[in-house]
Amino acid sequence: MKKLINKPEDFVRESLEGMVAAHPDLIKVNFDPNFVYRADAPIKGKVAIISGGGSGHEPMHTGFVGMGMLDAACPGEVFTSPTPDQMLAAAKAMDGGSGILYIVKNYSGDVMNFEMATELAESEGIRVLNILIDDDVAVKDSLYTQGRRGVGTTVLAEKICGAAAEQGYDLQQIANLCRRVNLNGKSMGVALTSCTVPAKGTPTFELSHQEIEMGIGIHGEPGRERMSIKSANEIAEMLALSIIEDKSYNRTVREWDDNKGEWVDVELIDPAFAKGDRVLAFVNSMGGTPVSELYIIYRKLAEICQKHGLQIVRNLIGAYITSLEMQGCSITLLKLDDEMIRLWDAPVKTPSWRWGI
Amino acid sequence: MKWLQKFATTLEENKDYLTELDAAIGDADHGINMVRGFQKVITQLPSVADKDIGSILKTVSMTLISTVGGASGPLYGTLFLRASTAIAGKQELTEQDMLKMLQAGLEGVIGRGKAQLGDKTMVDALAPAVAAFGQAAQESKLMLEAMQKAVAAAEQGMKETIPMQAKKGRASYLGERSVGHQDPGATSSYLMLKSLLDII
Amino acid sequence: MKKLINKPEDFVRESLEGMVAAHPDLIKVNFDPNFVYRADAPIKGKVAIISGGGSGHEPMHTGFVGMGMLDAACPGEVFTSPTPDQMLAAAKAMDGGSGILYIVKNYSGDVMNFEMATELAESEGIRVLNILIDDDVAVKDSLYTQGRRGVGTTVLAEKICGAAAEQGYDLQQIANLCRRVNLNGKSMGVALTSCTVPAKGTPTFELSHQEIEMGIGIHGEPGRERMSIKSANEIAEMLALSIIEDKSYNRTVREWDDNKGEWVDVELIDPAFAKGDRVLAFVNSMGGTPVSELYIIYRKLAEICQKHGLQIVRNLIGAYITSLEMQGCSITLLKLDDEMIRLWDAPVKTPSWRWGI
Amino acid sequence: MKWLQKFATTLEENKDYLTELDAAIGDADHGINMVRGFQKVITQLPSVADKDIGSILKTVSMTLISTVGGASGPLYGTLFLRASTAIAGKQELTEQDMLKMLQAGLEGVIGRGKAQLGDKTMVDALAPAVAAFGQAAQESKLMLEAMQKAVAAAEQGMKETIPMQAKKGRASYLGERSVGHQDPGATSSYLMLKSLLDII
């Protein structure tokens, strides 16, 4: 294993220390339990957006803490969900009296830990809603399983909901918006190489020089299918078509009902993409792929979208949700409406994402 | 409690094994997660050494919840939490206490994780073990023998996860590709019960 | 070789096509000869800043074309200097009547090609100055050799000079400023892995799992020394101390004298860093290293700077000047003055760098 | 001109070899650069086939300058530019013409690149070759023999770059680590002269 680290067990803490040393104007860090939060929080009257998950996906989530995006992020160990005490402590520290939205990626660990945190927060009198992101079309047969994973759409939801919170939306409005972003966003990714978890020290999976792993998640977990290496155009096409041709998707998720004070099952349906849709096209590096290659993917993606009558009105290209140093990319398409576009364009100022200010 | 000490050592010894199992169908951290949690547990034990079993298990639960993370953190955390409530105040456990404790723990895992038998999770090791222990207890078997049956059932259940297709947890994303691999969580659950047997 | 590309010979062109498809509001591309330029150029009365070099260092330079930074960038083949016809065509297209500054990294190829372009531009009546960037302290014994390479300081010079041009500085002022930035900036880099040039298809050098290459440039060329793997703290220390302890550096460079209309030899001296200096600390990914690791390097760098009495007043952390997918990092320290700080903070809006607008 | 055709083919055959030489002490593109340039030259040749040698070399020069890039682009470009001027208008070359042409080309390379003998560059192959040709021409040797001497001197000069420490070009950044490797530019220069000899 060759990485710019000291001891594997210090990876998360030292990375956070470096981060706060670099951006003291934007963020602060609390250790034990770990969470990164806006330097100017809590903000009275503003809904706080909190996310979190395993580390190793940087800049998501810690790099997105700041004005116009997240109020706090709870980093777990590498690829391991953070714990309820982190989420609870962050909620307490960020609460400006208007409640908390937890944005949760759909992994059993994240879901269960955020559920426990939600129950704990509610019992302490903090109003919390939580919305699951489950946008990975590589996962099939969800009816009796864990359902789809949360991947690229998470980044877009955090940007859009963060802007909404900044503009004074209330908790229920933001939760509804977040759910809408999730339902309209779909993603899929491919790995050219594995990544190496620092504590493990060896690659999570082995790929030969001729193989790629199609339909991977963001934790180095194996994908849907291993196949021989393909050209960028073929890869872009496989990813894009899996997304565009994905049928509308039904599943039942648990959401906290803060009127009833209990978990309720909610049935949700993703619409399929249709001709004429305006979309945001997001080409994401898995960490080790340079932007020059992402543009080659984007080139083909733009062509495919046009052929399918999807109008790309916004795009995002870069390393936003990664698997350590893995080579590969993911594509996310999000169907936009006017409100989402307005919120997308709103200013943001975080360690890893800044515009308009 | 010697059991926790023993389990912590066993986990340490099986850290790479559990992690390798998780690498095949998950994200290669189960051994790392469990060891991190139980190492912390070990450091906390002295401060509760004179407490009743329920209190000790409650401390274990809180420690696991706040250090393990991932899926196994809340699951094992809930398991120990419910177990602690089931035997609150006890200093020693009869076979019936043990059964109540195991049942409560299992229910906690199922309540939190919503997994059913056959979903290729730790439930596939825990549920048969609890059933076997219950059966033995009903037949008035003594602790050692009942626990032997439970561990045998857990081992059997653990092995039966190999041909299963995962329906819960990270392995479920693999669909059919999860078939042919032993579930890491079922394995750590088996090791937990085995450690308990070893110190009886 | 596993990359998100189609044919190696199409790498540069397709990447440019994707880039312009993604950012039509910011940039345009001219093919044959290739150059990327500001969508709103030429701007009457504004000095145009043009840079260029081999491809494979993205986002530099093409990703820095736009408001507040470069007017045009000339991308060569991967790691191969662009040609004079590209530079000349870009100069002609960008000339707003106030002249052109070529920012040139000190590699024999870049230098010779930009020299030819300068001569050609002058013969066509366009006023051109050119400033060399030679900031790589890994290169020793420069007196009789090519001198130091141009690396990280290039990025900082492009930002600062771009802001100056935007604010109406004249050509001579900007050239002086660019020279000042170069003299005050020093860099050094390390590779954990090699990169693979698409047209070659195999790694440029082989490093075992236990080795790193210290003092590398940005073209996969071997470094100053191969050594066994080190911790992040040790690496940060080796890089930072090489920079901080570097003595003042003398060399003679050729600059175009546009009064005399000929090349003149100019003697330049880098000052060494001194206690009390205010610096910009730049931790750069070589392409394949994730930002989480960069923060671990930054953490140690901040500590070292403090120990040496250097006050970090600005920083930049991310992948800005890369070697394709190479893992590793470089550190650049730039001694700042008030004018540089003001220009650094000025708004910028390019495909890969945006703030303040 | 058959020479250019021959050289283009030779470069094609030695593309990987030149690139490997450049990988050792440079950036692994010299073969790729040269082949890119001379392939373009080949496609341009038909359009100037009926022109004099000077015009043809001028076209070669312009093509190299705008397609090779790197260090070798301006250097070979300048070499052919100066060579073309030296023999402007000629349809055939005497030994003296050839000498003038080679001398002019060499001067161009030195003027552009400022390299001296011993700096481990193409100059180390070109300069001895031009000198040897000049010597032979002075001794009234015929073209074939003079060129044989030139190529032998180029080969010798090329080999002598191996123990040198580079002072110019990308290899100079390596300092002492550049010792022990043959210079790629000197190698392509030798191949260029060798191709010329082969078609005489």
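First chain written, first letter: the chains are A, B, C and D, and each begins at residue 1.
Just so we're on the same page, a contact is a pair of C-beta atoms (placed from the backbone, for glycine too) under 8 Å apart; a residue touches a chain by one contact, two chains touch by 3 or more.
Per UniProt, the chains are A, C = phosphoenolpyruvate--glycerone phosphotransferase; B, D = Dihydroxyacetone kinase subunit L.
As the structure is a prediction and not an experimental result, all values here were calculated from the model.
J.: Can you give the whole-Å distance between the Cα centres of subunit A and subunit B?
T.: 31
J.: Give, as an integer number of Å, the spacing between the C-alpha centres of subunit D and subunit B.
T.: 74
J.: Multi-chain contacts only, two chains or more: what residues does subunit C have there?
T.: In subunit C, no residue touches at least two other chains, as defined above.
J.: Should the pattern of chain-chain touching be classed as line, ring, star, complete or other?
T.: line
J.: Can you work out from the touch definition every pair of chains that touches here?
T.: Applying the touch criterion to every chain pair yields A-B, A-C, C-D.
J.: Residues of subunit A touching subunit B in their complex?
T.: Those residues of subunit A that touch subunit B are 33, 54, 76-85, 107-109, 112-113, 115-116, 136, 138-141, 144-146, 149, 197, 199-200, 204-205, 217, 219-222, 224.
J.: Show which residues of subunit C lie in contact with subunit A when the two form their complex.
T.: Per the stated touch rule, the residues are 1-6, 11, 14-19, 21-22, 55-56, 58-59, 63, 192-193, 209, 212, 229, 231-233, 235, 287-300, 302, 315, 317-319, 322, 324-325, 327-329, 352, 354-357.
J.: Name, in rising order, each residue of subunit D that touches subunit C in their complex.
T.: Result: residues 19, 23-29, 32-33, 36, 65-75, 77, 112-113, 166-170, 172-175, 177 of subunit D touch subunit C.
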